[in-house]
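This report refers to the structure that appears directly beneath it.
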Amino acid sequence: MARFRLSETPFDTATLRAQLLDARVGAYASFEGWVRDHNDDRNVHGLRYEAYATLAQSEGEAVLAEALATFDILDAHCVHRTGELAVGELAVWVGVTAAHRDAAFAACRYVIDEVKSRVPIWKHERYADGDAGWLHPQS
Amino acid sequence: MARFRLSETPFDTATLRAQLLDARVGAYASFEGWVRDHNDDRNVHGLRYEAYATLAQSEGEAVLAEALATFDILDAHCVHRTGELAVGELAVWVGVTAAHRDAAFAACRYVIDEVKSRVPIWKHERYADGDAGWLHPQS
Amino acid sequence: MLVNVLYFASLRDAAGISGETLETQAPDLRALYAQLQARHGFALPVQRLRVAVDGAFADWGAPPVHGSEIAFIPPVSGG
Amino acid sequence: MLVNVLYFASLRDAAGISGETLETQAPDLRALYAQLQARHGFALPVQRLRVAVDGAFADWGAPPVHGSEIAFIPPVSGG
């Protein structure tokens, strides 16, 4: 099963978490990114994520493979939404299992940082004032 | 509502997570400790957590209040099991919400570290070889 | 004076009881623990314990207070 | 030679299309982007983009390959 997935529809983190758990797991660290009602002091009404799906899939898998090679963890998964999202919807989930918490926390942080900086997904925000635009952060 | 709770019964993290989410939340970091099938190379059959409930409650609340005062987070909760647990059962959950992930990760780590080092809860492990005992780690 | 003492984890196993009410003339909580360690054969030295009085952490140098609840806290292992 | 070009996010909005098949004699991918930037008025300079060929990140100095799928990757903003 792919460790990295894009999802066009809202997804259930309880099920994703359950898929990671087994008797060897002592520590589970997870991170979720949610659509906030504001960003840089602007009121956000909603947003859209677009991905270059084939490259996002392979680059996402590469990030998770790096996490498994770098940290003493048991497994790591990530799911990222695409399409239209309202305020309060889940945008991205990362789940990591390990025997101990040091590795679980470090790998979870690594995955979300790398996904945000490398995986070809773009956010288009719509603001309360009617303005809208793509976010292309300065690296 | 108390931010720190002891639970004699298995608890549902999806509900606990839902209680933390609102439109201001951009980042949710969580940690879970699970009963593993081994510890320090010994096969674990199960364990029991005992707490000094009144002091555990106040010390747990103190840890969460410190997290709220120290980090730029929106809220932080923690639930710790007591009583008999089998391998694969959830022992402790920490959930933290923030606008941004730096604070969410840092506070989540702070809470689990402090709970493990200060809150009066003790673990009694039963091993496959019939041995059993209380864990009183060297600090 | 009379105090109520609570034992947890390995201290309770060693004492065979979860607590007791006892008469003490110990000048401070450290001395009270020393008396009880001798009585029950506690393996843990006072340096590895904390002490709580009436549900709040306390200082080993504090004198016992009549009617208080004194808990000896072995090294914790939650999480 | 003919190549297939993909545009994402603000590049797609500027071009008004998600991709196109076009004839090019550009010696490398950097020169190809310069031509398309001039044609479509892309605001993003090549230094802020990455480029991918057939679904894998590629080097700006690589020559275009006939029939390949070339994607210009603006700064990403997932998460």
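Should a chain be cited, it is by its letter among A, B, C and D, assigned in written order, with residues numbered from 1 in that chain.
FYI, contacts are C-beta pairs under 8 Å (C-beta built on N, C-alpha and C of every residue); 3 or more make two chains touch, one makes a residue touch a chain.
Keep in mind that what you see is a predicted model, and the values were worked out from it rather than measured.
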Reference chain B; chain at largest CA-centroid distance: D
Centroid spacing, where centroids are CA-atom means, of chain A and chain C in whole angstrom: 49
Whole-Å gap separating chain A and chain D, where each centre is the average of the chain's CA atoms: 26
Residue numbers of chain A (touch at least two other chains): 33, 112
Residue list for chain C, restricted to those that touch at least two other chains: none
Every chain pair in contact, whichever chains are involved: A-B, A-D, B-C
Chain C - residues contacting chain B, complex: 6, 8-10, 13, 44, 48, 52, 55-57, 71, 73-79
Touching residues on chain B, where the partner in the complex is chain C: 33, 49-52, 54-56, 58-59, 80, 91-92, 112, 115-124, 133-139
Contact set on chain B toward chain A in their complex: 13-14, 17, 21-38, 87-88, 99, 101, 104-105, 108-109, 112
